[in-house]
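Heads up, the next two complexes both have subunit A, just with different partners, subunit B and then subunit C.
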Partner chain A sequence: MKEGPKTSNGTSLPKYALLFVAAVLLIILPFLGIGGGPYFIHICILIFTFVIVTSSLRTIYLSGQASVAPAAFMGIGAYTSAITSARLGVSPWATMFIAALGTMAVAAAVGYIFSRLRAIYFSVVTVFFGVGVEALIRALESLTGGRTALVGYPGFGILRISGIGVIDFASSKIPAYYLLLILAALTLLALYRLERSRTGMNWAAVAQSPLVASSIGISEVKFRVLAFSVGCFFAGLAGAAYGHYSGVLAPGSYGLMSSIAIVTYLLLGGQKYFFGPVLGVVILVAVPEFFRSAKEYAPYITGGVMLVVIFLIPEGLASLTKPAWLWLRRTAGKGAQ
Partner chain B sequence: MSAILDINGLTKFFGGLAAVNDLTMDVREGEILGLMGPNGAGKTTVFNLITGVLHPTEGKVVFQGKDITGHKPHTVAKYGIGRTFQFAYLFPDFTVLQNVVASFYLDAKCGFWEGFFNTGGYRRKEERVLEEVMEILRMVGLEHEKDILGKNLPHGLQKLLTMARALAIRPKLLLLDEPVGGMHRDEVEHAIRAIERIRSGGTTIVMVEHNMRLMQLCDRVVVIDFGVKIAEGSYKEVKDHEEVLRAYFGKESHT
Partner chain C sequence: MQLFVQTLINGLVLSSIYILVALGFALIFSVMQVLNFAHGSVYMVGAYVTYFVGSIFGLPPWGAIALSAGVMALFGVFLEGCGFRILAKDFNRTLMFSLAVIVLLQTTADVTVGGVLRHVPSVLPGLTRVGTVTLSKERVIACVIAIFLLILVNLLIRKTGLGREMIAVSLDRTASALQGINVHRVSAFAFALSCALASVAGGLMGSITRLDAYMGDAMLVKALALVIIAGMGSIGGLFVSGLIVGFIDATLPIYFGAAGGEVAATAFAILILVIRPQGLFGQEV
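And then the complex of A and B:
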C-alpha cells in the first residue's frame, strides 16, 4: 500500500532494467573467472548471507524496533540446524527450515516480552539477549561444542535430482553460491511483498505512533511481534544455510560485535530504502577484502567510513542513488545535445 | 432514546490527586453530547478512561450493554468507539490518503497471506477501501490535500485529518477532543459541516470543546470541574448555571 518513489521522472524503467542486469550478472558470475576462484565465491556467499540477515533486520526496524541482536538469531538458527541434523540424522535441507521456524518461535516469545519496551529500552534488552545467547552457546558444551567450534555436523553433501543430475556441495563452493543466491532472492521478494501490503503499512503505523494506531484498532503488540518473528525467521534461515555450507560454528560469530556489524551494514546502506541493506553489506563485506594486507586496520576503516556517512549522509548510501541517477541523466543529456 | 454509553462512578487517581472523581453520566444513542469544563477539569482523562488508554481506579464503563472497563485501546476501537486527540496526533510520514487508508485496518479485514500474495480478492478490498477513503476525505474537505504528508499539513487541517481517521473505523460512538482547537474560521466551518454530516449518518458524538459555535450543536452538555460533574442539561441551561460560572470565572466574579 505504501507508495513507492515517484516514477514520473522516469526512474521506474531503469530500476527494473537494473534489477534484470544484476540478476543475469549474479547468475553468470561464478563462470566469469574474476576475482580469484573459490575465495571470491566465498565472499559472495558471505554477502548473500548477510543481505538476508540485514534485510530482515530492516523489516524489524520498519515496525519501530531497533533490535541489536540479529547475529544471536542467526546463531540460534545455525546451531539448531547443525545439532538437529547431527543428532537426529535429518537432512540439512529439512533442518534448515525447521531451525528457521524454531528461531521464529523463540523470536515470537522474546518479542512478546520485549514489546512492553520501546525505543532505546527495547534496543538495550535485545543487546542483553544477544549477549545471553552467546554465553549460552559457550555454556552448553556437550551440545554446542562450547567455546571451541562445533564441527562434524552434516553439510549439504551430494544432492541427486533425477533429470538434472548430481549437485556436489562438498567439492565445490559453486552450488552453495546458487543456494544462498536463491535464498537471498526469495527473502528479498518476500520482505518486499510484506512491506508493500497492508501488513507493512501497519508496521509503519505502529512505528510512527502506537497511540494513534491503537485508536484505529491496530494492536502495537501484535504487529511488533509479527515483524520481529518474520525478521528472525529469515535471520535463522540464513544462519542455518551458512552453517551447513561452512561446516564450522564458533560462538564468537554470533555475539554482540557481529550484531553491531550487521546494524552498521543497515545504517550505512540506509534503513529507509529497501535496497539499503544490500548496498551496506556489499560495501562493508567486500571492500575490506580488497585491503586484506591491512586487515588489522579493518575495524578502524569501518568505523571511519561509518562516521563519515553518519555526518555527511545521515540517511545512508542508498539515499544517494536518486541524486546520482538524476546527475547521470543530466550529464548524459548534455552529452547527447 | 436509550443509552449507548454508561459511565458509572468513574474515578481516576494520579497519586493522591483525583483527575476524575465518581463521575456518572450516560450518552444517548444519536445525540451530540458536549463535555465542558475549565482546563485540567479531567475531560481528556475521561476520554482516555473510556478508550482504555488509562485504567480507572474505580468505576465502570459500559458500551452497548457490554462492560468494557480496562479493555485495551485497539479492542475498544474494534467495539466501535472512535476518537481524536486534543493534539493532532497523526502518522506524520504517511500522506493524508495513507493516514486514512491505514485507519481502514479493521474494516478492510485484509489477511496477512492475501496481502503477501497480493491476491485478486485483496486488491478488490483495497480498491473498495480507496473509494471509501476518498468519500471520507470529501466529507471533511481534505480531498485536495490527499497527497500531502501528514507532518506538512497546517495544524487546522491536521485536526480535520484526525477526524477523517476516526471516521474510517465506522464508529458507533465518536469521541472528539477539541475538534476545532487552533483552527481558523474557515476550517471551523468545515469542521462543523463535517460534524453535522457525521451525526446525520447516525453516529453518536461526545465532544470536548470550548468553541461556542460548536457547543450550540450539542443536544446536551455535561460540565465537570476537578473531575466532578457540576452541571448537566442543554447548553442554554448550563451556561448560566451558578456552579459553572464559578468554575470558569472564579467565586467572586459571577456577574
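And then the complex of A and C:
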C-alpha cells in the first residue's frame, strides 16, 4: 500500500490554516442557525460518529486487513454500554469507555483467531462475524431486547460541573454535538499520531509484504491484531456514545449492510488518504440529506456518486484535493498578476 | 414422521436453491477472480422479474421462470461489459461497483414494487400425499427443477466446448488467451449463466416465500458460506456444502429459533474458515 502524497513545505502552512478554519467552523456551527435546527445537528452527530468508525476502519486497512465488520463492533460497543449502564446502574460516561475496552478485547481475541487468514479470506470471515453478531443480538432476547429495539437505558442525562454550570444532554442535541465532535477530533488525532509512529510504519510493512516484514523482526500477527483491536476500540467507543445519545438500539443497524455502507464511505473517500474517510462520510451522509423531500430516492444519489467515483476517480475523492489545491493556487496566482 | 419428512424436503429445497445461487457466484469468482457481492440482488431482481413477466404476459409459471432467466442473462452480460470487465484488475473498485449495483437494484425494487405482498405463482400448486405424509407439491417441484438444472449446468461446464473454455480461463487467464480462447466472451457467458441461475433460484424461492426487496442480502451470505465451505474454485464441492448449509438452515431453527439457527450457521462457516481456509474440497491457499 502506497502512502498518500506528502505535502511539501510550501503547502503545509495552508493545511494548518485550513484545519484551524474547519475547527472554528465546527465549533460555532450549532449557533449559525443553518437549515432544519435540531435535525441539522442530528446529521452532524451522525457524521461525527461515522467519521470515528470509518477512520478507525482505515487504520485496520493500513495493516492490510480489509475488515467488513465495522458495524458489528459498533454494535458490540453500543449494546455493552447500554446493558451495563442499565443493569449495573453505572454512569454512561464510565460504561462508554468500559464498552470500548470490551470491544477492543473482543477484537483482540477475534483478530488473533482470524490473523491466519489473509486478503479475501479475511474479508469473508469478517463478513460472517458481522452476520453472526447481528444474529446473536437478535437471539439473546432477554439481554438485548431481541429483534425489537432496545430502549429505556440511561442517556447522558444532566451533567453538573462546578464552575461551568449545568449541561443538559436530555433537552438539547447541542451537548451531544460537542461530545461527538470532541471524540471525533481526539480519535483523528490519536489515529494520525499512531499512523506516523513506528507502529504505523510496521503496519504498512506488514500490509506490503508479511514475509519481508517478519524477516526483519516485525511480527505479522502482533501488528495485525494490534491494528484490528485499536481500530475496533474506536468503533466500539463511537457505537456506545451514539447509542447513549440516540436512546434506541436496533440489531438491523449493526448488520452486514451497515458494515458495507461504512466500507463504502472508506473506499469512496480514498483509503490511501488520512482525510479520505472524513470526505467519504461527509459526502455520502450529507448529500442524500439535500434530497430529503424524496427520501426513498436518495439512495440513487449514493449509487450515482459511487459510480462516478469508481469510473472517474479511482483513488477516491480525497485524491482530488491536491489537484484542486494546485488549481486554486494557479488561478489565484493569475488573478494577482 | 411428518416433521421428519417435511424437514427433509425443506432441507433439500433450501440446499438446491442455495446451490443454484452459489454456483453462479462461484462461476464468476473462478472465471474472473471477482467477488460479485451484487449476486444476492440479482437473485432478488430475478424473483421480481419472474413475477412480473408472468403476470403481465400471462405466462405459465415455468415460462415466466425461463423468460426471466433470459432477461437476467442479458443483464449479466450488461454488468460484465459495462462494469466488471473494465475494473477487473482492481479488487476495491470491483467491490465498490458491486455495492453500487446493490444500492441501485434494491432502491429500484423498493420504490417501484416493494412494500406489497407478492408471491410468484407456483409451477405446481397444491398438496400431495405420500403414504401418511402430506407434502406441498411446490416444494417438491422446486427441488426437482433445481436438481435438473444443476445437472444440466454441470454437463454444460464439463462436456461442451464453451464449458471447457470456462475451466481453462479459470485455471489461467493469460494462457487461455494465448491459446486463442476469447476470454471476454467466456467472462460474459459466465456472467450470463450466473445471473440466469440466480434468477431461476429467485423464481423458485419466490413461490415458497414472499418477495422482498431485501431478500438478496441473506442469500448473498448463504452463497458466500457455500463457496467458503466448499473451497473457492471448487464447483463440485458446492453440492456438499449446499446440503450441509441447507440442512443446517432447515433443522436448527426448529430447536434454537430463527436467530439462534443463524448464529450456529455463521459460527460453523467461521470455524471452517479458521480451521481449513481452503474449504473442504479446495486447493491449498
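Operating definition for what follows: the second predicted complex is superposed on the first by the 328 of 337 C-alpha atoms of A that agree within 3 Å, B and C clash if a C-alpha of one lies under 4 Å from a C-alpha of the other, contacts with A are read in each partner's own complex, and residues count from 1 in each chain.
By definition in this document, a residue touches a chain if its C-beta (ideal position, glycine included) is under 8 Å from a C-beta of that chain, and two chains touch if they have at least 3 such contacts.
Just so it is clear, the model here is predicted, and its values are computed rather than measured.
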Message: A:Thr199 in the overlay: touching subunit B, subunit C, both, or neither? Say first, second, both or neither.
response: first
- request: Figure out whether A:Ser209 sits in contact with subunit B (first) or subunit C (second), or with both, or with neither.
  value: first
Statement: Winner on subunit A touched-residue count between subunit B and subunit C: chain C
- prompt: Which of the two partners, first being subunit B and second being subunit C, lies in contact with A:Val127: first, second, both, or neither?
  reply: second
- prompt: After superposition on the shared chain, which partner residues are touched by A:Gly37: those of subunit B (first), subunit C (second), both, or neither?
  reply: neither
- request: Scan A:Pro314 for contacts with subunit B and subunit C and give back first, second, both or neither.
  value: second
Message: Going by the contact rule set out at the top, does A:Ala190 touch subunit B (first), subunit C (second), both, or neither?
response: first
Query: Should A:Gly152 be classified as contacting the first partner (subunit B), the second (subunit C), both, or neither?
result: neither
- request: Based on the superposed arrangement, let me know which partner A:Ala139 touches: subunit B (first), subunit C (second), both, or neither?
  value: second
Query: In the superposed arrangement, does A:Ile218 touch subunit B (first), subunit C (second), both or neither?
result: first
Query: Just which bits of subunit A does subunit B share with subunit C as contact spots?
result: none
Message: Using the touch definition from the top, list the residues of subunit A that touch subunit C in their complex.
response: 113-114, 116-117, 120-121, 124-125, 127-129, 131-132, 135-136, 138-139, 146-147, 255-257, 260, 263-264, 267-268, 271, 296-297, 299-300, 302-303, 306-307, 309-311, 314
Subunit A contact footprint on subunit B (complex, rising order): 51, 53, 72-74, 77-78, 82-83, 85, 89-95, 98, 101-103, 105-106, 108, 110, 112, 115-118, 122, 126, 165-166, 168-169
Message: Under the definition above, what is the set of subunit A residues touching subunit B in their complex?
response: 1-3, 190, 193-194, 197-199, 201-202, 204-205, 208-209, 211-220, 226
Message: Under the stated contact criterion, what part of subunit C meets subunit A in this complex?
response: 35, 37, 86-87, 90-93, 95-97, 99-100, 102-104, 106-107, 110-111, 217, 221, 224-225, 228, 232, 256-260, 262-263, 266-267, 269-270, 273-274, 277, 285
